[in-house]
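Just so it is clear, A, B, C, D, E and F label the chains in written order, and each chain counts residues from 1 on its own.
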Amino acid sequence: HYGETELEDMVGIVTGLAWTEVGGEILTIESVMVPGKGNVKSTGKLGDVMQESVSAAFSYLKSRCLSYGIAPTLFEKHDFHVHVPEGATPKDGPSAGIAMVTTLVSVMTGIPIRRDIAMTGEITLRGRVLPIGGLKEKLLAALRAGIKTVCFPKENEKDLKELPSTIKKSLNLVPVSHVDEVIGYALVRKPQPIEWEETPVGDTVSGQKQSPSESSLPH
Amino acid sequence: HYGETELEDMVGIVTGLAWTEVGGEILTIESVMVPGKGNVKSTGKLGDVMQESVSAAFSYLKSRCLSYGIAPTLFEKHDFHVHVPEGATPKDGPSAGIAMVTTLVSVMTGIPIRRDIAMTGEITLRGRVLPIGGLKEKLLAALRAGIKTVCFPKENEKDLKELPSTIKKSLNLVPVSHVDEVIGYALVRKPQPIEWEETPVGDTVSGQKQSPSESSLPH
Amino acid sequence: HYGETELEDMVGIVTGLAWTEVGGEILTIESVMVPGKGNVKSTGKLGDVMQESVSAAFSYLKSRCLSYGIAPTLFEKHDFHVHVPEGATPKDGPSAGIAMVTTLVSVMTGIPIRRDIAMTGEITLRGRVLPIGGLKEKLLAALRAGIKTVCFPKENEKDLKELPSTIKKSLNLVPVSHVDEVIGYALVRKPQPIEWEETPVGDTVSGQKQSPSESSLPH
Amino acid sequence: HYGETELEDMVGIVTGLAWTEVGGEILTIESVMVPGKGNVKSTGKLGDVMQESVSAAFSYLKSRCLSYGIAPTLFEKHDFHVHVPEGATPKDGPSAGIAMVTTLVSVMTGIPIRRDIAMTGEITLRGRVLPIGGLKEKLLAALRAGIKTVCFPKENEKDLKELPSTIKKSLNLVPVSHVDEVIGYALVRKPQPIEWEETPVGDTVSGQKQSPSESSLPH
Amino acid sequence: HYGETELEDMVGIVTGLAWTEVGGEILTIESVMVPGKGNVKSTGKLGDVMQESVSAAFSYLKSRCLSYGIAPTLFEKHDFHVHVPEGATPKDGPSAGIAMVTTLVSVMTGIPIRRDIAMTGEITLRGRVLPIGGLKEKLLAALRAGIKTVCFPKENEKDLKELPSTIKKSLNLVPVSHVDEVIGYALVRKPQPIEWEETPVGDTVSGQKQSPSESSLPH
Amino acid sequence: HYGETELEDMVGIVTGLAWTEVGGEILTIESVMVPGKGNVKSTGKLGDVMQESVSAAFSYLKSRCLSYGIAPTLFEKHDFHVHVPEGATPKDGPSAGIAMVTTLVSVMTGIPIRRDIAMTGEITLRGRVLPIGGLKEKLLAALRAGIKTVCFPKENEKDLKELPSTIKKSLNLVPVSHVDEVIGYALVRKPQPIEWEETPVGDTVSGQKQSPSESSLPH
C-alpha cells in the first residue's frame, strides 16, 4: 500500500514525517526540474505555511548553491515543481522544511536520496534546523514504514527521553542543527562544492569595496 | 446521449472515471495544443485538487518528454488547454491524474487514444500511479458506457475481490503502477523515444561535473 | 424594445438563447478584434462557467483556425473582447458555447452572421456540441423575437416531442452535433480553408518524426 | 456646491446621470491619457458592472478609432485613467457607457466636450445605445444642475410620456440609438475620420483572401 | 510625541488631516522615488478609497508634469512609494488627495515642503479640489500640532461660519479650488514649467491633424 | 531551546522584539540576497502590516543606498527574501521596521550584525523611528534571551520610568530617532558611503534644471 518507502534510491523523492490528530504519518515529497525561467510551483493541497516552507527552502538553496555543487545559472533556466501526494489530503506546517531542501538538492545535482531515511525539521534561510512537534508519533510512523534512519532537530533531543526503548533501538536517530548535516546523511553521495566566477558588474563604484557575495555568506 | 464513448479513436480525448455520491460516471477529458508561450489552462468547473492534478501531469510530462518522443521546444512554443465537459458540473479529486497525462501525450505526439479504454489513478511527479476510491462504482459506469478496457492503480487490486464476477468477465481490467504502462495501453501506437542535444550552457563551472539532465532522471 | 433582432446581418453579433426561472430569453453576444497581443476579455456580468465557455470556444478556434480560413498570426497580433449585454444582468451556463465560437469566427473572418438565426449548445475543445436544458422555453423566446432558424444540439432532439406543433411549424429547427455545421448555417457565406506553412523549428530532433500539427488534428 | 457643471468646455470631462434610491444625480466622469503601454485604469469606487462598462467603451473605441480620427498607435503608447469623483461614493451600473466613450474620444482627440450636455445610456461593443432606468429622475437632476441638452437611449422614448411638461420644455431631449450621434452632439466639433495604412503582415497565407480590418467593420 | 510636525522643511513629507469618530488628527504622508519601471506602491493600511486617491494623484501629475517642471521620462525610470505612518492604524477616504499630489511633486522636483502647512481636499484627474468632511475637527488638530497654514477646499468655505474665532485668528486659512494653488503655498519655492519635445511618432496618418498632447490639456 | 541568540555575529540575522498577549518575545529576522530581478518576498506567516513594514524598509534603503555603501545596481540584479521563523506562528505589527532595515543593510553590505543586540521600532520612508507598544515586556524578553543592548524609539523614552531598575542596570538601552543610529550600533562595523555617477538621461529638457537625486534627499 501507499506509505511504503520506495524500492530503490531515487532522485528528488524524499520521505517526510507528518503529525496529525490521528497520529504520525509518512509524507512523500517529490520535485522535478524542467526547462523554464526560474519559477517554483508547489502542489498537493498545501497550506500557506508549507508553501512558505518551500519558498524558504528554495531561497536558502539559491543563496548557498555553490557549496552543494549547483551552478547559479541552473536556477534561472529551469522551473521547479514540488509536489506532495496524496493530492486530496490537506497538508500544512513548517516541519517539512529540511525535506524540501533535500529534494531540491537531489534534483539539481542528480544525486539520489537514500530510500530508508526520513526527516523532520523547520528550515531557516541560513539552513538552521528549528524544532518541531509530535516527534514520538512521527518516529512510530517511520518505524511502521520500514525507515532505518531519521534526521530530527537537535533542539528536540529532550523529547527522546519519553520514547519507548523499542524505537530507540530500531531507528538510527540523527539529531541535526543545520541542513548541511541532513544532506550528508540523506544523499547517496555528498555533493562537491564548486567555484564560480561571476561576470563582473561594469558599474562605477567609488569608496567602499563591494564585497558581499552570495556564496561567501557565513552560516 | 452524452456519456457514450466516441465513435472513432481521437487525438487528445480520453475517458476518465468519476465517483460521486450518486455513483460512478464517465468523464471525458480533452486537450488542445495551440501556438503560444508554454501556458497551461484548465476549465470545466474543476476544483483545486483536479487543477493541481493537471499541473502535476504537465510537470511530469515535461520532465520525461524525450521518452515519449516529445521535443522540449514543443512546450515553450505552445499553450495547452485541458477541458472537462460538461462545463456546468463541478468536478474535483486527484483520480483523473493518469488521464491528464494521457491526453497531453496524445495531443503532443499526434497519436490517437483508443476509444474503448477508460482509466483512473492519481499521478505523482515521477509517474507513479497512486490508489483511488470508488473503483467498483467507476467500473460499473465504464461497463454501462461500452468501455472494454480499464486501467486502474495496482494498489487498488485488493478491491477486485468485492467486484461482481459479471464485471470481471466483461471488462479487461489492467492494474498499473506507472503511467508508462497506461500510455502503452491507451494510445493506438507506442510513442518512440527521441534523443536531444541541449545547447551547452556557456558558464564557467569548476569542480564537480554538472551531470543532472531532465531526460536521464530515474523513475 | 431591446430583445428584437438586428435589422441587418452584422459581423460579430450573434443571438444566443438563455433559460432562466422566468422563461427563455434572447441573448445578444458580440465580440470585437482589436490590435493587441492575443488577450481575451469577456464582460457582461458573466459567471465562471460562461467565462470558461468563452475560453473553450477560443481554444477550439485557435486549434482549428485554418479550416475557417483564419491565419494563426491573427491571434497573436490582436486582443479579443466578448461582451454580453445587458451589462447589469447576471448570466451563466455553458449553453452559449457555440454562439461564442460563431461570433469569434465572424469577427476574425469579417463574414457577417445571419440576423434571423439563433443558437444554443455547449462546446467542447473538439467542436462537439453537447446538450443543453430548457429547449422549449428557449424556442418560444426565439419565436417571440422573430427568429427564423435555431441551431440546437442533436442530443436534444428527443425534447422536440413535447413541443407544441406551432413552434415546429414556425421555426426552422436545425439539430447539430458539431460547431462546423453551425458555422455553415449561421454565417452569410462559408469560410474557405487556407493552408499555412509554419516556419520550421530549427532544433535537433533525432528518432521519431515530429508530426503533430495544430491544423491536422482529427475531430 | 459640487454637482454644478463646469464653467467652460473641457477636454475629457463629461456629465453622466445616475439614479439612486434618493433620486437622480449628476455624475462627473473624467479621464486622462498619459504616456504608457495601453493599460486602462478606472477608479472612484466603481462596481463590477461600471468597470466592465469602461472596458466595453474602450474596446468599442479601439475597434472604431479611425472613424473618430484616432490613430491606432495612440492606444499602445499611452495609459488611460477613467475616474468618477466623488471618490468615497460607491457607483455602479451600465448606464454611464456612452459617457465613457465620450470622455475617451475627447481625451484622445483633444476636442472639448460641451459643458451644458449630459447623457445616459448603456453601450455595446458596436456602439449601439441600450435603454436605461430612472430616466425621469435623471432628467430632473440634469435640470437642477443647469444642463441644457440630454442624450438618452431611443428605446427609452416611451418613458417621455410620463414626464412633466416643464421638463420637456426646459431640456433639449435627444434620443440616440448609436454613440456616434452622442459624439456629434457632445463634442464642440466633430472628429474627422482618418485613413490608416497598416504595415502588411509578412506571413504566408494561401487560399482565402484575408479581409477583416478593424476599421471596416459594419456597425 | 508623534504627531508633531517636522523640525525642518523636507522633501516628500507632507501633513494631511484625518477625521475619525474620535476627532481630527494629523496625518503624515511621505513618498520616495527610487530607480524602477514606473510602478506605484502605497502602504500604511490604506483602504480602497485612499489607494485610489494615490492613483488619481499620480495620473493627474503624469498628465500635467511639464507645468511642474517634471520630465515625463522621470516616471518611466523610477518606482514610487507613498507611505502613511503609523502603519498599524487603518486609514481611508479621499480627502488626502491634494496631499498625495503635493508629496509626489516634491519628491520628483526635489523641492521641500513647508513644514508648518497642512492640507485636506479630494483631487480630481484635472486637479480640481473637491469638498471634504470634518473641517472643524481637522483644523483643531492642525492647531494642536503647531500648524500655521491650512489649505482646504473652496467649496468648504461655508463651513467657516461655525468655526470658533480662536481658530480663525490662529490659522492662516487658504481656500483652494485647484491643486496648483496648493503647490504654490506648500512648496518652499514654485516649480518652474519646462518644455518637452516628444520624439515624433513615425506612423502614417492622413486626414485630421493629430493634435492632442498630454502637456497642452486645458484644466 | 529556540529563542536563544546566535553564537557568533552573522550576516543578515537580526533579533527583533515582539509583544503578544502572553508577554514579550524574541523574534529572529533573517534575509538572503540571491541573483534575480529586484523582487522582494517575505514569509513567516506575516500579517499585512508587517509585510508593508518590509516594503517600507526596502524602499527606504533603496532611496538611501549610497549612504550605506550599497550600489543601486545591486537591487536590480538580485531578489531578496525576508523570513521570520518560526513559520507556524502568526506575526504582525510595524515594530519590526528597523530590524527589517538592519537585516537588509547587513545582507547587502556583507557586514555581520552584533549577536547581542536587539531592536524595536517602526520605520518611515525617511528612516525616522516611530514609537511602539509593550516596551517593558519586550525588554524583559531581551533580558531572558541574553541580549546586552536594545535599540528602541526615542519617543518611547517616557516609558523607561515604569521599568524595574534591574532591567535598566542589566541592559544597555539606546534610544534612537533615526535608523542610521541603529545601523551604527547593530553592525560590527559602520558601512562607508559611496559615490555613484548615474548614466545621464539623454532626453531633452529645457527650462528648470532637473535636480532631484535619490541619494541627495535630506532626511
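In the analysis below, contacts are C-beta pairs under 8 Å (C-beta built on N, C-alpha and C of every residue); 3 or more make two chains touch, one makes a residue touch a chain.
Because the structure is a prediction, the values reported are computed rather than measured.
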Chain whose Cα centroid lies at the greatest distance from that of subunit F: C
Intercentroid distance (Cα basis), subunit E paired with subunit A, Å: 50
Whole-Å gap between the CA centroids of subunit E and subunit F: 29
Where subunit F touches two or more other chains, by residue: none
Arrangement of touching chains [line / ring / star / complete / other]: ring
Ordered ring members, subunit C first, subunit D second: C, D, E, F, A, B
Residue ranges of subunit C touching subunit B (in the complex, touch as defined): 48-49, 52-53, 55-56, 59-60, 62-63, 72, 75-76, 93-94, 97, 122, 124-126, 130-131, 155, 201, 203-208, 210-214, 216-219
Touch list for subunit D against partner subunit E, complex: 1-2, 8, 10-13, 28, 30-35, 41, 43-45, 69, 71, 73-74, 77, 81, 83, 85-88, 107-110, 112, 191-197
